[in-house]
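In what comes next, chain A is part of two complexes: it sits with chain B in the first one and with chain C in the second one.
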Partner chain A sequence: MLNYTIRRLLFAIGVIWAVYTVTFCLAHIEVLTPLVNTVESWRGIPEKEWTKLGLADPVRLKMGQHGDVNTIERIREELGLNDPLFLNLRAFRTGSIVSPATWQQFFTDQRYKTQYFRHFCNALFDQDLGKTIRTREDVAEIIWRGAKVTVQLAAAGIVLAMAMGLVLGILSAVYQNTWIDHFCMFWAIVGISAPVYLVGLMMIMFFINWLRLIPGLGMEESLLPYLTIDVPWFLIPPGWTIEFQLPTYLVLPALALGVRPGAALARMMRTTMLEVIRQDYVRTARAKGLDEFTVIIKHAARNALIPVVTVLGLELAGLLTGAILTETVFSLPGLGYQSWQALKDLDFSLIMGTVLFVSVIYVMANLLVDLSYALLDPRIRYS
Partner chain B sequence: MDTTGILITVDYSSPLTWVRLAVAVFMVLAMLAPLLPVSKRASLWLDAWKRLKRNHGAMVGYYIVLVLCLIASLALWISRYTPSYQDYDALTARSTITKAGGGSGWFRVPDFTPKHWLGVDSLGRDIYARLVHGSVISLEVAVISQGVAVVIGMFLGLVAGYYGGWIDALLMGFTEIILAFPFLLLVMTIVAMFGIPSIEMIFVIIGLVGWPSVARVIRAQVLSLKQKEFVEAARALGATDARILLQHLTPNTLAPIIVQVSLGMAGAILSEAGLSFLGFGAQEPTPSWGLMVAKGQGDLDPLWWLSVLPGIAIMLAVFGFNLMGDGLRDALDPRMKT
Partner chain C sequence: MTGSSRRVFFSILVLLGFTSIGCCVRVSKTSDIEDLKARLAKAEQRADTIESSIKVNERVAALEARIAELSRAGAQPPASGQQSAAVAVALPAVPAQGSAAATPIAEHPERRGGEYRQGIGTDPPSLDPAHISDTTSDRVGLCMFEGLVEFNEEDLGLQPCIAKSWETSPDGTVFTFKLRDDVKFHNGKLVTADDFVYSFARLLEPKTASERTWLMEEVLGYKPFAALLAARGQLKFVAEGQFEKVEADKVHDGLLKLRDVKQEELEKCGAPDPKGLAAAAAKALAKMETIEKAVDKGRAELAKVPVEPELLKSLENLKLWDFISKGLVAPDKTTLRITLGRPFAPFLTILAMRNAAVVPKEEAEKWGDQFSQHPVGTGPFKFVKWDHAVAVELEAFDDYFLGRPFVDKMKFRVLPDDVARLNEFEIGNIESMNEIPDEKYEAIKANPNFPGVIDEMETLSTYYIGFNVTKKPFDNPLIRQAFNCATRKDTILNVIRRGRGSLANGVLPPGMVGYNKELKGYNYDKQRALDLLKQAGYPDPSKLGEIEFWYNATSANDPNAKLAEVIQQNLREIGVTTKLQSTDWATYIKKVDRGELGLFRMAWVADYPDADNFLYILFHSSMKGEGGNYAFYSNPKVDALLEKGRRTVDPKARVPLYQEAEKIIVEEAPWVFLYHAKQAFLHKNYVKGVKLTAMGPDAIRMRTVWLDKSMMKTK
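Now for the complex of A and B:
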């Protein structure tokens, strides 16, 4: 088990490094373009013209096509965009190749004077992902701010999805091939097929525009961002006050986000429940005279949950993708919305930061799921 | 009023027109296929077809997909306007209606005028024409992206599964890396960084990012197949690796590929719509459903159907492919039936 854990961990780290490198290359594609000949034909602009226009050059984008050349050069220097991408051979220009000082200088240059290693080392050792091109804000800080919103959203979404998936899945497995089963599975397929933004827009249309239940979109505009719920006095010790703050701005986005994973979970749950229900230990539980509810929930559903947990990890990726669409529809300033904005602005460092952050979370979640799978089910052993 | 350029004129001298008509005729014939008696001769595919016919859900999916193909191939004949034609008069009429009842905060039916029977969008373009022509884009993305994904995924899956060892480790590691990116975010990054390319190129990019799932399915299938006796027998007869791969293993991986492709088509339609919705897919004036949803968002209060109808169109198309894929899985792999 330990051996397996270490192997998986090393593999995950390798994948994250590869993801980082791919993201870096994608973000600097306009520098690497001369390597890819087909690219120029996509734009219909010859390569030289393109560089002159600076279409994908973030500094040009910021300063405009006719920006002052000196200022642009200064900004490029400040952001370190003039340094070589991967390899800096400056040390060898003057130094001798056999001298250790030259090699020391060479390695220092890679650390501080190449864009790739500088960004990599800063990200790894200092958790510093650089500054955005547009606003010169700290990327790590922006991501942190967005992650707080997205984590809330995803947590609420996954709770709703679990509730929906488990109830629908168990119901349709218990009443297999009756109208309840058909009804649940029909809605599960509809839920898988419906685009997140359609669900979101219909909710906006229904609850905000027609019923006027919730004042508006976003976090700032809503008049009642939190709904404070007092816990009644008879539920808590005397003298205490406990109140929940239910963020109302999250209700509709979480519902919209939860539909797809919920439907997927329902289908998965039904399949595993149908297998488990036919097992001997369930028959034994019935024979002992336990009531049907206990048999289904305690004996069958608990065992059926194990494979579902793995799907949950995979659904996390869908959830993060769905978060882009959900946050765009509901204008929530989360990670998805930020990465969308960053891509629209072609803001290198922010794009790299968000893609990297999201991928790391996804790889780690998958790793945890794989390991917890082994822990949950003692029958599974990895050699 | 000058009507040139409003009404669609079909160019019967173009071979593409006849291709469209031929596809339409084929679709009508395919609709009748379930009525035909199945021959008594037993084979894997005939048995699967019989099981598929018995599955009501799968047949609903089958007909949804067929109707979609029929609409797409007959798009020129069943819509009066080209999808990018802007009707200024209808737009003026619409804006007076919108001002009168705009933001009423309650349900409004679409204004069914005889000229535009689902109304016009904020640029005066016929919604119905755009919906009908949008089906062409959706089917194109389904076919092209899955075509690319199957070609790459099949080749790499076969090679990885058959040869094993370091080739397998390398290819599967590569697969892991692609799967470690959130799909939509990766496609968006590629599209943004290369500059927004033509719509066909976006179909190809979706395929280029989507092949790992196909490769995994085929690799798993090949891993179990290569232990079977018939492969050993072929090798004993002196068959080369290429012959075993192409003649013996490939036909046996067809069933999972068909299932994977029909489910993948649903995913591809959804991805293209999502990309277009976010502005990184089809660009104006391409009549893409996702783009229509995005453009209609601003008019959601009084004119909800501008974005909800294309959204429902996406849902129906994806629903059809999903149902068909599920049915095919049950039909082609009876062991997996639940």
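Now for the complex of A and C:
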């Protein structure tokens, strides 16, 4: 088991690196500053056409419609955007190829004078994700800010999805082919098919505009109802209060986000439950004279959980991507909104930081799911 | 399920639960009385906004009891009493020379109070005047930052703001401002002329990396500094062998600027060792010319260009301040003298832009590039907090030199989705918003019960379709004219803008000084279009081949996509086939910059209300590409007229220059001139004192806006 865990961890690191690199390439396809600063041009080989490919420039975007070549150039230089992406061969221009000093210079150049290795090494060794191009804020801080919202949202979404999925799935399996089953499965189909955007807008219309149950959109503080909890005086020092800010901003987005995975879970749960219910051990449990509730919940439902956990792990990716749309509809400042903004502004450090963060979360979640199989089912043991 | 698995499952669930709960609980110290009072006010406000709030009312009662208890215990009296005493000293209006003074905010106790919430579409990229380059940031910045002068709300003329009065030397190069001595920064410090010198120099300082350096670039001494700096950069690339960074257009640009560096000018601006610098500049110029020739042959040639270390060394110590010390001078605390290298007529107008606002030196230096997160200015509202992507919160500045603004709190709520923003407006969670989705406009207008009022005004903007006049077949003016005649502008205005705006005959929008009523543009005339094409040698228009029309769009529903379809239809009517191409804005603007696109859509909205801001930037040959001249238009006669317009001091003498230039431009038709757009400002009926100007709803001044509480109750 330990062996397996270590192997999986190493593999996870590899996956994260690969995701990082591929995203880096994709993000920079649009800007193609030279991949390598060529020694060839110096050796007399004509300059290649692709150096002219640079299509979009974040600094240019900052300038508005009235830019100025000199200023753009200066800002680009300042932000290190003029450095080659992957390989810096500056050391070999003047230095000899056999001298160790040249090689040392070469390695230092890769670390500090290429965009890819600089960013990657800074993230790895200094835990520094850099500053955004557009707003000069610390990327790590922005991601932390967004992650708080998105994790809250995803957590609430997954809890709702599980509650909804398990209850509907068990109900429809137990009352198979009755109107309860048909009712539950009808809504499960609707839930799977309806896009988040549509569900979100309909919810806004229904719960906010018509019923006025939720005061408004977004994490606006003044719109959130407060609860002050009366804590006995001996529990907190005098002069302190504990307030509970009801997260009403989370209710609708979590619902909208949870509907799809919830519906998928319900269908999965129903199928596995139907299988399990017909097993011998369930019959034995009934024969022992246990009441039906105990049989269903304790003996059947638990054993039906394993495939469901797999689906849950896969749905996590759906939750994170779904969060992008959900956050936009409900005006929540999470990772989704941020990465959308970053893509619009071509803010590479923010894009890369977010990708790194999300891939770590996703890979780790998958790892946890795989490991939890072993815990849930003694028959599965990795060696 | 085994026991351990149950534990793992439970702990995961509990962890998830705690993360969500943990983000909501706030444990806070509330012992001092001001804090309690603030909380009380907050609670009361909440009690107002939330109808079903029994619990909140209970909390208010609890807080009240707590306050009573604390005051009995002899806590410090609240400091707010002293503060309001300071506000009571109303500041008198100071007459200014040349135009009406900024009017102080009249005392209207009944207008006081309330929170004004606006919806904005994105988180403002920056709240630092040196980096504000978009409308959202500008809108927030307007509440916090002020400069020497400002636009008046009637005709966008200039009126004094922090400057009391000013004098211009007859040749139009020296501006002497007398400043008010009673203007305070939000941190309590008085504004002095030194702060202005610092703020303006900060725009020019290369380290600031300001996007709006061009505001101040005419200041005496900056041009030679920038030229030498740019040359040094290029020479260094060559010396260090970084040939891939040496680009032909940048070298050429640097070369032209270096040619203007003269010893007299260096002497005039007080640069150290003007003779040495002039010699270095001459040497650098010679070197740059060699480099340009080498680049033309191919970068490999660059290896043969030796760059002497002495030359680089002579350019090593370039300090901004050495060059502009005579351009920006503060003889005493309330006098500011700005000297320009040569006359620059729009300069005073430019000073009213947000980027030319004053910032306190010590704060700006303390925060560096993080000043944007902790902005301090002199405006009617001061910064409270910036909850990124949620809201920017400002509050009334009690010591504002024109008197405290009416509204207590100003909040900019970030609501990225158009529909969501409108929804928040409808249910009363924001007081106003600027951008109404086009498809909702008519529905709102038609609905008498809609809980809001639309104010509209034609802004100083021109929407156009640009030709790249250097690309075939658009290098032929006849074809450009033909396309102008073939376009049904009225259809475009009606389809895309729902008729909100007016058709454009030329470049300048009505309302701009210099607007030419007599100017004859191009009306829809299919026959004339066909004739023009025939003259151009295309009796059969299909011989033109398939023409690409480019636009930027985010979705199929984008107004630009609709524009493209109309254009395609119009051109089909004269027998020209077009292929529609779209990309995102980032790629689009770069393609336009490089002149890759032959036919493309674009719009220009005024930064400052001066014809120079349109004609010079959009059509002067030095502005080709990035600068704003996306048509790559170049006409020596127009260049000369526009240059003369910049250098002529008398505003009346400038008008015919610009009108003549515009006439030539319209004749040569580097654009299809489409329309000038109206912009809408949607607000609640209880919002009073809003004055929309031709600078658009983003430039609405919030210091005199107030909320009519009697109408709020009955909403």
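Simple rule for what comes next: the second predicted complex is superposed on the first by the 330 of 383 C-alpha atoms of A that agree within 3 Å, B and C clash if a C-alpha of one lies under 4 Å from a C-alpha of the other, contacts with A are read in each partner's own complex, and residues count from 1 in each chain.
Simple rule for what comes next: contacts are C-beta pairs under 8 Å (C-beta built on N, C-alpha and C of every residue); 3 or more make two chains touch, one makes a residue touch a chain.
This one's a predicted model, so the numbers in the text were calculated from it and none came from an experiment.
The partner of chain A that touches more of its residues, comparing chain B with chain C, is C.
By the touch criterion defined above, A:Val190 reaches chain B but does not reach chain C. Once chain A of one complex is fitted onto chain A of the other, the partner contacts of A:Leu201 extend to both chain B and chain C.
Looking at the shared chain after the overlay, A:Thr71 reaches chain C, while chain B stays out of its contact range. In the overlay built on the shared chain, the residue A:Ile158 is in contact with chain C alone; chain B does not reach it. Legend: residue contacts after superposition of the two complexes on their common chain; A:Val282 is shown touching neither chain B nor chain C. In the superposition on chain A, A:Cys121 makes contact with neither chain B nor chain C. Looking at the shared chain after the overlay, A:Leu290 reaches neither chain B nor chain C. Once chain A of one complex is fitted onto chain A of the other, the partner contacts of A:Val167 are absent, as it touches neither chain B nor chain C. In the superposition on chain A, A:Met364 contacts neither chain B nor chain C.
Once both structures are placed on chain A, chain A residues 30, 42-43, 55-56, 201, 204, 209, 212, 328-329, 344, 346 are touched by chain B and, in the other complex, by chain C. Residues 30, 34, 37-38, 41-47, 51, 54-58, 60-75, 77-79, 82, 84, 90, 93-94, 131, 134-137, 142, 145-146, 148, 151-152, 155-156, 158-159, 201, 204, 208-209, 212, 215-223, 225-228, 236, 238-247, 250, 302, 305, 328-331, 333, 337-338, 341, 344-346, 372, 375-376, 378 of chain A touch chain C in their complex.
Across the complex, chain A is touched by residues 1-2, 4-5, 8-9, 13, 16-17, 19-20, 23-31, 42-43, 45-46, 49-51, 53, 55-56, 59, 62, 115, 122-123, 125-126, 131, 133-134, 206-207, 209-211, 213-214, 226, 229-230, 233, 240-245, 249-250, 253-254, 298-300, 302-303, 369-370, 372-373, 387-391, 413-417, 419-421, 423-424, 426-427, 429, 584-587, 589-591, 593, 602, 604, 607, 617, 623, 625-628 of chain C. Those residues of chain B that touch chain A in the complex are listed here as 57, 105-107, 173, 176-177, 180-186, 188-190, 192-195, 197-198, 201, 266, 270, 273-274, 277-280, 290, 293, 297, 300-301, 304, 307-308, 311-312, 314-316, 318-319, 322-323, 326, 338.
Those residues of chain A whose C-beta lies close enough to touch chain B in the complex are 11, 14-16, 18-19, 22-23, 26-27, 29-30, 39, 42-43, 55-56, 189-190, 192-198, 201-202, 204-205, 209-210, 212, 270-271, 274-275, 317, 320-321, 324-325, 328-329, 339-340, 343-344, 346, 351, 354-355, 358-359, 362-363.
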